[in-house]
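Order of writing sets the labels: A, B, C and D. Residues in every chain begin at 1.
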Amino acid sequence: MLSRPKRAHSSRVVARLLQSLFVVWAAATAAFVLMRLAPGDPYTTRIDVPANERAQWSAQRGFDQPIPVQYVKWLRNLAVGDFGQSSYFKRPVLDVLRDVLPRTLLLMSLALTASVLLGMAIGAWQGTRVGTTGDSLLSTGSLLAYSVPEFWLGILLVQLFAQSLGWLPASGMVSTEYEYLPLSARIVDRLRHLVLPLTALTLLGTSLFARFQRSSMRDAWNEPFVQTARAKGLTERGVRWHAWRTALVPVVTMFGLMFPSLLGGAVFVESIFSWPGMGHTAVLAVNARDYNLAVAAVIVGSVMTVSGSLLADVLQRAVDPRTAA
Amino acid sequence: MSRRLLWPLAALVVFLIIAAGAPWLSPAAPNAIPTEGIIASSPPSAAHPFGTDPSGRDVLSRVLHGTRISLGIALLSVAIATTVGTLFGALSGWIGGRLDAILMRLLDVALSVPRVLVLLCVSALWGALPLPGLVLLLGLTGWYDVARLVRGDVFALKDREFVVAARAMGTGETRVLWRHVLPHIWPTLVVTATLGIAHTIALEAGLSFLGLGVQPPQASWGSILSDGSAMVSSRWWITLFPGIAIVSAVMTCNALGDALRETLAPGQVAA
Amino acid sequence: MTSPLLSVSDLRVSFQTDAGVARAVDGVSFTVSAGETVGIVGESGCGKTLTALSLLRLIPSGGKLAPSSRVEFEGADMLSIPERELRAVRGRRMAMIFQEPMTALNPVLTVGDQVAEVVRVHTKRSRSEAWALAVAMLARVGIPDAAARAAQYPHELSGGMRQRVMIAMALVLEPALVIADEPTTALDVTIQAQILELLRELRERIGMAVLLITHDLGVVAEMASRVLVMYAGEVVEEAPVESLFAQPIHPYTEGLLAAVPSLALASQTTQERLRTIPGTVPPPTAWPSGCRFRDRCEHAWERCATDAPALVQVQPAHRVRCHLVQEPERRRT
Amino acid sequence: MTPLRYSRLLAGALVSTLLLACSPEQQPLDTREEGGTVAIGLSGEPASLLPPLVGSDHEQAIVEVLYDRLADIGPALATVGDAGFTPRLASSWQWAGDSMSISFTLDERARWHDGQPVVADDVKRTFELYTNPLVESSQAALLANIDSVSVSPPRTATFWFKRRSPQQFYDAAYHMFIAPAHLLQDADPAELSLAPLGRSPVGTGRFRFVQWNSGDRIEVIADTTNFRGRAILDRVIYRLFTDVGAAVVSLFTGEIDFFSPLPADDLEKAGKTPSLRVVAYPSLKYQLMLMNVRNPASVEEPHPVLGDLAVRRALSMATNRERVVRAVFDSTAGVARGPTTGLFIPENATLRELPFDVAAARALLDSAGWQIAANDSVRAKNGVRLRIEVLVPAGSPNRDRMAVLLQDQLRAVGAELVLQRLEINTLITRLERANFDAFMHGWNMSPGLVGLRQVWTTGSFGGAGNNYGGYRSPTYDANIDSALSSFDPVVAQRTLIRALQTIIDDAPGIWLAEDGAIAGMHERIEPGVLSATGWWHGLPSWRIPADKRNDRDRIGLTPAR
């Protein structure tokens, strides 16, 4: 009796993983097709290269083969992490990703954590005080924050805190002297460089979570079990915890859905703050018509999104026993 | 009408008036580079309340005209997105079964790539797009949410008594869908579309800021702002005023969407 | 009735709404002695649930208590004691069983946790002690395999089991007074009987007083020794259960009795067909002038529209709010 | 006009020396002089630091301090014979009696940064790479007169020329940075950009490579045992930016110490910033809108629009060049008269420029058959619209602004310009494939007139040079050839002027600005005279007075933690 739901559970996990894999594969394939649809062969040879040399050149790269053969080969390479060469960086795309991806993940994970914590705190506070002055002020605030595009916010932050006040660095991940500082100063330096991009990237997420948490908390706050908790003699804090614990469920779903929107935000924030991460690199790749890198960015984005929704699933199971069965 | 609905609606009307009346409201031609005197970016003054951009063009006039382009792009592309999304969602929800499963997987795939990356990638492959291309691109990447919501609504409505009754009376499938089901999902559509407009304004501004959206000499708020981005150090006004325009337009649409959501309570059609 | 456990006097709760002031509970007074079971009966919207909530000062936001209202419980005024003392009473001395166990239990916490929480909040017992006590209590309310069930979530239990959990939660600290708000309404008929049986049994064992709130006179008949009939925010009739059933005076009470199939058949006085009370409870923002029941009353005459009847004593323990007490000849037969 | 050009050069040099004279504490050179770290902002990331692949300014800036030429040009930028040239990697050289070969003897003290001695084979291998068509080196055209390099071990490399030319020494000694053959043995010329040496260079320069952190920085330190003496600075950190705006902000906040070229718009603010100093210096760069005269679809045919001489001339005449240059560069640049900076136009030359005359431009287009149809604002001829796609390098605000101004001005004569912004390396790829209409070009000339051959002659199409637009004029070719090869200065000058007049009349580009460049730098830095060949030229002798050094300067030579 107990083992049966468990087996069902594990087969569901497998199904979910397969489904995610399918999504990534399909996105990658779409990217491949897009790349082939693009006007002009990305590997157009120079006008003055003789025909035989050109043929040899494209044979070397397998471009003389039929598209399905190329596709299979491309997919096989992809499976082992070979995204091809970056025409802009003149390096394997994988090497570039190795450099830039951790930087973006750092920014994104911090921004996500900060958005979640701040947003939930604000939203939960509001949710139990719907209609009060504090609530409407915060609601207006988060509506504003929700409406400010990251790139403009970034520009404002640079102008204000880096240029006018000179409190924080305007761009980059570390100072010029970074590598020659003692450990403690290096940590401070990293943090100082994180403040502005993180703020720019966090504000939108925070307001999003706050809005979401507010409404879910408001709903939970009107549920009968809140009354029960009070009747049990719980303190207001205890009662709020009861409500928050259930209000968490829809918010946790949001958590996974934030990944694509954060990555989108990172494109702009990284560009403004010269943060050499995935987003900034994607823009460079676009300006440079670096197809392999652009396609890799799409695939990485899709992997991130899919992992995000998997994570959301896991988290939702963790916080909501009703979905666990 | 509730006050929550009134304010954003009034603001939206103001924006539409500005968009429609830009040629009459603007003190100067938006793309006119002065033919006399020095071409330079000057700070706000009586003659140019928002200052001038690096090519000596009046930023106020450009922002007013930019309203047209920014809002126009957003409205048109959201119209496309809503149409495509409704068709896709209605089809999926109405027919259900295998088709629904396939369409939903497709939607998963589409949703898996961050929209900004798709837009970047297409720009990478095709280069700067003309305005209709941009509208189409934004529209064709913006319908996923609509499709999902519409599908959910249609799915829920499909077995409701009045629908079953209509079918029982021998009404054709298309007609039932068109006359009996779709009218019930318009609150969902109105709310999603309004929020979609807000999002599209911001997104188009971002793309134009990166130089991938609206191409010169046409100017949307994002590209006006972009013209000043290389000189934020000394020419703050070129980035400030279009930025304020973007934020207020986006905020207006978001507030309107929120208010509409509460007024129309679209979630309840499915209940 | 030397010193009643609970003494409610002139309880008034009102709400400010768009349609005006809603006087949802309008001058309710009654007492409950230790060990006694009192029923409050009435249709939905008559203010009985709000009365119950007021006893624990659980008035929904926006509700305003009149300054004259008093709820004395074990010598303390529940309406004015500090929050801290109030919390010490809630769940420990006075507990509540809610109507809808599905929504009144927190869906994301195990039922064991929810029961143990009461213990943890009010006593210094450790987590494991509290858990053990909770499991024991769950077993006491008749949940089979309580140790395993305690680790389950509300949605994994049947409706009856959930209500047993609610009861366990209310009774785990053996309070002096339990307020049971429609404890069986949401349940199947067979389960209803089981739950009532359980409540009766525990009442005897713990020796607690029960304030039973229900619209179901059958439940009252089985459980209570005394009944208050509420209509439109007021008590309209109060009597020991036997005399109420034997000689209902208020037309509303009569109507209620007549609407219950089994009682209607058993009743000696009304051997007619099953009747329903015409009309519905008016909205609390617009109580009729005079007698609030007059619109639905078959006996109503002019006086009923102008004079609000007072609650008058007709027998030592029987009080009624009706002009028929003074003018019995007006009763139409 | 011409004296003005020279006075501008002079003024630039003067400004920098004056500023130097004003700065306090001019201590005599001593060992304690050495030290200091300078952070330099670059507005792009190099693709590779391999000498034959150097294309952009920011690649050149770094390669030039890591590697050496055989000999360096003198301050007068004279390119005739070997007058003024100073030894670099070569300690001496020997002309053959018939002048058909020159033998360079390498400095015996010279070592690669990995400790290996520099040998003649390095020179030969370098030459082979530069001239291998698969490498696609932009310098290849400049080496066209060198037939081969032979080696007499260990340290003598002999350059054999195809014919005598006044510039033959310059060609051999200046255009190549010598690369280490022992580290390039396995390199595939077709995939040279992937060679590991490109990302961790090993040179002979007075700075040695430390690290390249992609997207963030490239760092070099003084090569303390360098055969030419260590650089005065300890360390140079190049911070990599992708847009000028961010770099300028960093200059203002002190994150970087040096940035050039500083946009004209930021001059005023920089001047008011006490920690910054603004230095004007001459430059060999000129800017133009290059027009492709070949059909991108089929290069043997003329361009459907720009292949028409009348169109090119009309577009030039419709452009108010003075206005464009003033708007973008304020007073920091002059208006170019032809495909060169004024430095290389003889003082007494009288060149007829195409006048700014909108009416004449319209008339010219009308008579050439480009008509404005009803309900259209763009001219067309035989169904072909006068629509030109202009490639603009992304992250180059000055060229972007010029493009916007041109777009505006040319609309007045019924021409439609469509701007297409592209990252520079990608853009160059398109140029090399002749796949473009027009390009906002900025050309950094080599000293001397070789650029006039490199960019505009028929022989320098595609891989052989930088004639992206496919300009083809036998008259121009012949005159430039003569100007470059004649040992008679009078003939050289006469043919040069004739060549310039030819190309101005043919209008393969709209000549816009000739830069004087502006550098913004921290006031503690004393860079000496900034060279017209590039601000980086004198980097090894930049100094920071001991009493002005800040924390950054105290990093010293210690390795990173």
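FYI, a contact is a pair of C-beta atoms (placed from the backbone, for glycine too) under 8 Å apart; a residue touches a chain by one contact, two chains touch by 3 or more.
Keep in mind that this is a model prediction, so the values were computed, not measured.
Here the chain-to-chain distance from subunit C to subunit D, counted in touching steps, is 2.
Note on chain placement: the centre of subunit A and the centre of subunit D lie 41 Å apart, centres being C-alpha means. Mean C-alpha positions place subunit A and subunit B at a centre distance of 22 Å. Separating the centre of subunit A from that of subunit C, both taken as means of CA atoms, is a distance of 53 Å.
In this assembly, the C-alpha centroid of subunit B lies 55 Å from the C-alpha centroid of subunit C. Residue positions 158, 163, 271, 287, 289-290 of subunit A each touch two or more of the other chains.
Counting partner chains per residue, subunit B has residues 127, 211, 229, 232-233 touching two or more of them. Residue positions of subunit D touching 2 or more other chains, listed in rising order: 243, 249, 252, 394, 421-422.
Interfaces, counted as pairs of touching chains, are A-B, A-C, A-D, B-D. Those residues of subunit B that touch subunit A in the shared complex are 105-106, 108-109, 111-118, 120-127, 198, 202, 205-206, 209-212, 225, 229, 232-233, 236, 239, 243, 246-247, 250-251, 254-255, 258.
Across the interface of their complex, subunit B is touched by residues 243-245, 248-249, 252, 263, 265-266, 268-269, 323, 326-328, 330, 394, 397, 400-401, 403-405, 407-409, 411, 418-422 of subunit D.
If you check the complex, the residues on subunit A that touch subunit B are 19, 22-24, 26-27, 30-31, 34-35, 37-39, 143-144, 146-152, 155-156, 158-159, 163, 259-261, 263-264, 267-268, 271, 282-283, 285-287, 289-291, 294-295, 297-298, 301-302, 304-306. Note for the complex: subunit D touches subunit A at residues 37, 39, 45, 47-48, 136, 190, 193-194, 198-199, 214-217, 237, 239-243, 246, 249-250, 252-253, 255-256, 299, 394-395, 421-423, 425-426, 432-435, 461-464, 551-552, 555, 558, 560-561. Of all the residues in subunit A, the ones that touch subunit C in their complex are 223-225, 227-235, 238, 242, 245-246, 248-249, 319-322, 325.
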